[in-house]
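Just below sit the structures, each encoded as structure tokens.
What follows is a pair of complexes built around subunit A, which joins subunit B in one and subunit C in the other.
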Partner chain A sequence: MELGPIWRSLTRNKAGSVLIALQIAVTLAIMVNAIAIMQERAEQMGRPSGTDEANIFTLSSTAFVPDTNIQSLIEEDLKLIRSQPGVVEAIATNSFPLRQGGSARGFQLEPGAGKETLTGAVYYTDEHAIEAFGTHLVDGANFAPNQVVWGGQNGDEWPANIIITESFAKTLFPDTAESAIGKTVFVDDTRPVQIIGIIDRLQAPWRNWGEIENTVIVPLRQEGQQQWYLVRTEPGAQDRIMPEVEELLAQSNKNRIIQSVRTMQEVRDRSYLSDNAMIKMLGFIVTLLILITGLGIVGLASFNVSRRTRQIGIRRALGATRAQVINYFRIENLLISGLGIAVGAVLAIALNLFLVNAFSLTPMSWYVIPLAMLAMWVVGQIAVIGPARRASRISPAIATRSG
Partner chain B sequence: MLKMTHVSKIYRTDTVETHALREFSLTVDEGEFVSVTGPSGSGKTTFLNIAGLLEELSGGTYELDGRDISSLTDSERSKVRNEKIGFIFQSFNLIPELNIFDNVDVPLRYRGFKAPERQRRIERGLELVGLASRMKHYPAQLSGGQQQRVAIARALAGEPRFLLADEPTGNLDTEMAVSVLDLLDEINAGGTTIIMVTHELSLAKRARRNIFVRDGRVSDRPPEIRLAASAGQV
Partner chain C sequence: MFRYYLKLGLLSIRSNAALSALMVAAIGIGIGACMTIVTIYHVMSGNPIPEKSSSLYVVQIDNWSPDEPYDEPNEPPPQSTYLDATNLYSKGDEFRQVVSYKSSRVVQPPDAAELPFEVSSRATTFAFFPMFSVPFQYGSGWDTAADTNQERVVVLTQALNERLFGGENSVGEQLSLNGETYRIVGVLNEWLPTPKFYDLNNNYYEEPEEIYLPFSVAVAGEHDSVGNINCWKPFEGGYDAFLASECVWVQTWVELPTRDDKARYEQFLASYVEEQKTFGRFPRPLNNRLSDVLEWMDINHVVDDDVSVLLGLAFLFLIVCLLNTAGLLLAKVMRRTKDISLRRALGASKRTLFGQYIIEAGIIGVAGGVLGIAMTWLGLRGIEHIFTGMDFVQRLVVMDWSMVMLAVVLALVSAIAAALYPTWRAANVTPASQLRIQ
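Now for the complex of A and B:
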């Protein structure tokens, strides 16, 4: 190993090497944090919604005649949809996971104004919801049909019972190992509602909401002009049923508009469109940075080969094999990269701390920096191999040429 | 020690073929101090490149220590250069970014010596050329004569059996040239075989045997002597 002489030689010609080391450092810092952001977004995108996404589609029905009997329209629509072969279940709901629009209410453990309130997303629907969403009841019981009430969209009416997610149960009752079943919480300060069931998971409609797992199913059908229908089909039947249901509903009542007919996969894709774009953009930037850094290393190494053509010839004349010449440039690159990588690691941590504090980013995983360091080292070694091989082909006879 | 038989070297481009050496035959025995002289373009440097395994020959045979050199791989040639041959170049060929110690160290590292052994050899080599106190200096901080002495120390550090000197005093003034030639005499007296390529006949006379090269062939007499003989003055 020629570490000592190579290092001493580098310190005699610092400018190019320092610039490349800085480039590596900056690339590493940006790369690490971009990966951390990409990872965070990817993890968000990968969270299960708690529904049987592969077999669910949704559509919206908007009645445009003012005096339409919404109650009977909903009942007829649901009856029609549920009668279709291949349909597992269907509900009318105010929203569903990933829709990016919906309702949330404050729940408190004690009645009265000014008490601590915990927010949960609410899905106003009926006793078919658990089966329609494809979520699972883990404790308690489902709603009985007679527990479902009708109400307007102003939220004045509230049924006596609710079903909540496990996550929300833990949020409401963090200090007890007891089941939340049978416990009473209060909505709108004083209105008591009893928890009768707990489901394993059902995400709120907003993908970026911090309490996304805190969800409540309320057995209340809202009588609004606009309704969302969520339909769960048997596996493989969705593509056939979707257009059929759209057509059936459109034909059954022509005084409304059927629109936004989408599979849950489409809903998910639309919901995470910006995250997906962000991941692609950051991926592109990281790739570009690595490429530019790699080209910088190639450039510096090529320049060094050209500048040291005679020196390489002398080394060859003094007995260096081609492999030793290649190793020389690889070690030189290792030292430059090592410096850049070390500085880059510190920069990356500093930048991540800043991002975590300034933008509430999740701190990066411990393994991102070592992996990025390894990646930069590999990039450096790959980038230098071409110029190094060119150097190894320099003839030792160059040493006897006057110059 | 060194035996070249009918060696030829041809440089080819797309359109031109240059015969740098033709039917070049030479034998140098162990411990000899041989000078190779000739006019510019006569093939001296090509001979040196082939003798030093810096270039491959186009034809003929070359044996070094009884070993046929033409069959060696590039790595084997590097190893022979490193272990058996020391080089002294006209322009010193020190590496400017390395200090004197590291310059002398270069061939020793390729040889794979451990650090203490390398240090011993470097110190001894630099003491021999009188520059032990300048180890941390860089080439640019030394005079031409001192740089050539460092180059000699580097050439000798590996204890080669065979020293090739290419115009070793070409870039030195007379006083420094004499001191370098004195040093070469001393080294030769120690048993190292030396081949010195030079275009100066006065320097060539310091060698025990003189070889004259002309048009890529070994000539029996130097041009000046032959010219004098034809004029009836010798």
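Now for the complex of A and C:
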């Protein structure tokens, strides 16, 4: 089919074609960037927390009577929880992955004020932590029970040993190939602590933190009135054990409140609620957008068909087949869409650069643009089919009528 | 004449019902998407205390490490140390200042059959209530003597008073918090500063704390802060060492009604920091800041980046809808060139035709606006649904009259903008051009 006549006829109604091409261009720009953001969020949500999420639940205990013996309260609670059939392990901790609140400390390779510090999220808990979180020791050893100490909430006590994630080990010792086991780092400028174990993965509590993989397990139990308990159960036992444990703890000591009893899945959903919402809203916008642009193409093509009824009749009378008429409109759409898609790709890149600069978004993956261009082209071709079919059904006899 | 054009417009819309419906739908959806996000943006960025926002200032002084700023490039910490908060409070008593922090307490209800429950609490000084225009239903706040003498007095919100005392006047009653007895001195009226400007530590849109008690009482009782605590220098020891440390965790505010007051307070801050430097504190160069409420909201990005991104995309979406409408209107006009040239030949002026088609577009715009309001309502309900479980979102998805008006105006302006080019083309159809071929 000859492009020449199609192009020439297009230029006769320039404005209409330019409007639809522009519409396609802006649609593409929005679509590409919405998809890039959705992809970014989906990737963040897909990061593993490093815990056995499906079988963990957490709850908080707040003691409220002055002079409560916190140490014995925690020890009794843990003994009670760990004795329940179906419970794999339980710990008291200051925080856990996905909770969005917790503590971080600065660690440095050389002692003294003013030295470079690297921040790691800290979980103050005990030697049961690795088993309770469901993470894995890849090097070194776990804490021995006698290495666990008690401390206040203001960080004035520190044990002699820590276990860190592989990622934090790489951050602390980027250049050395040898193991970080046995190395000493300093916390609070001068306090030495020795790395005795390395676990494969355990996320920090904050989902948006840049160093989310840099985590430290500290064998120290904090004597605060508020405690988080994290309980890991055998697969399938969670639904039964969770209400039982809540009831047991509530009954065992009336001078505290048990609240925020949540499965890890619930904690995750709460944590990523806004990212999840962003994905849904952008998805909705993209769907509506494609619908509106598709309808716009249908409208313009219908208009072109009805305006050219007579010419189409003449072509049919002169021997053009139905398929040729359909092809005419498909190629016409291809030209308009092509223009829109080309402009749109440039707009999309410009918008992405702006968003990356202004809102520190991750730059999009290169393949989003060609994929979106292809999708836009398919939308155009689908939208034009209806009007083109209608055009192909125009009777050649129309040619004999005037006006 | 206007009524005649209106009639023509309606006739024309009716004769092209499908095309017109498509245009109304496009504008309605575009307006709906836009206004949904604009409404949320409007609530999020609203002024929580319009009558005073320019005379209330958050106080920042830079006690941070000599080696690095609290935040790049050279931002002072957003909160104060206990030491500085209390020093400024006592030394600057000629100014109206407030120091406060968020904590939590466990309420043991007067009815012993009911279970104890946890409430959020704010430890603050007496001027909190008058300074932040906090309304009272019963009683009032406490006085400065209660702060000094560490009196166990407490103010409840209306909701908590409803829960504990069935909404009766509970002033003078006693309340047990963590096993200690407090005297109720006041009950707040409904108070929902949006955002919660006086403490931007936690969620900016959460509700204010449920109880208020003297700062001195909270510190003496070692009530833990539930906001951020940031330290640059290690300290050894228990709570007393924490209070004496360089950790920042207290929110300090001052009310400075005039320029002169502000200048005097700046002077006061500078001399305070200079004095502390002689004790070996404040190793960084002088870096004091006073930011008013709106500046403070801006510095803290209270409007989520996601909302700004969505707002931009929603406006682009509206542009797509407008291009769509413009294309359809143009198609409609082009299809009627014969009518138009006939009317022109019969004596209608360009202005007449222009007016006629603009009014037709206006009708479509208003219809699109009305549909847009419905779409906005649906959009807001959708967002509420997506955020089920986050109560504060309910306060962000409320459409007020200004938003309804804005929706209609935006729709009208958009429709007319979209109609300008097609209408101009219509008005420029030459009178006889289309008649020849007949």
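To be clear about the criterion, the second predicted complex is superposed on the first by the 403 of 403 C-alpha atoms of A that agree within 3 Å, B and C clash if a C-alpha of one lies under 4 Å from a C-alpha of the other, contacts with A are read in each partner's own complex, and residues count from 1 in each chain.
The rule is simple: a contact is a pair of C-beta atoms (placed from the backbone, for glycine too) under 8 Å apart; a residue touches a chain by one contact, two chains touch by 3 or more.
Everything numeric here is computed off the predicted structure, so don't read it as measured data.
Steric overlap between subunit B and subunit C is absent once the structures are superposed on subunit A; the two fit side by side. Contacts of A:Ser395 after superposition: subunit B is touched, whereas subunit C is not reached. By the document's definition of touching, neither partner reaches A:Thr233: not subunit B, not subunit C. Partner contacting the larger number of subunit A residues, of subunit B and subunit C: C. Contacts of A:Asn13 after superposition: both subunit B and subunit C are touched. In the superposition on chain A, contact of A:Thr293 is made with subunit C only, not with subunit B. Contacts of A:Leu273 after superposition on the shared chain: subunit C is touched, whereas subunit B is not.
Judged by the touch definition given at the top, the superposed model places A:Ala320 against subunit B, while subunit C stays out of reach. In the superposed model, A:Ser49 lies in contact with neither subunit B nor subunit C.
By the touch criterion stated above, A:Thr27 is placed in contact with subunit C alone, subunit B being left untouched.
Nearest C-alpha atoms belonging to subunit B and subunit C sit 8 Å apart in the superposition, given in whole angstrom. Common to the subunit B and subunit C interfaces on subunit A are residues 13, 403. Remark: subunit B residues 45, 48-49, 52-55, 74-75, 78-79, 81-83, 87, 89-91, 93, 95, 97-99, 102, 105-107, 109-111, 138, 154, 158, 166 touch subunit A in the complex. Put simply, subunit A touches subunit C in their complex at residues 13, 15-16, 19-20, 22-23, 26-27, 29-30, 33-34, 37, 62, 64-66, 113-114, 152-154, 156, 188-191, 224-226, 257, 259, 270, 273-274, 276-278, 280-282, 284-285, 288-289, 292-293, 295-296, 299-300, 303, 306-307, 351, 355, 359-361, 403. Residues 2, 4-5, 8-9, 12-13, 310-311, 314-324, 395-397, 399-400, 402-403 of subunit A are the ones touching subunit B in the complex. Put simply, subunit C touches subunit A in their complex at residues 19, 22, 26, 29-30, 33, 65-67, 104-106, 108, 115-118, 178-180, 224, 233-239, 241-242, 304-306, 308-310, 313-314, 316-317, 319-321, 323-324, 326-328, 330-331, 334-335, 382-383, 386-387, 389-390, 421, 425, 437-438.
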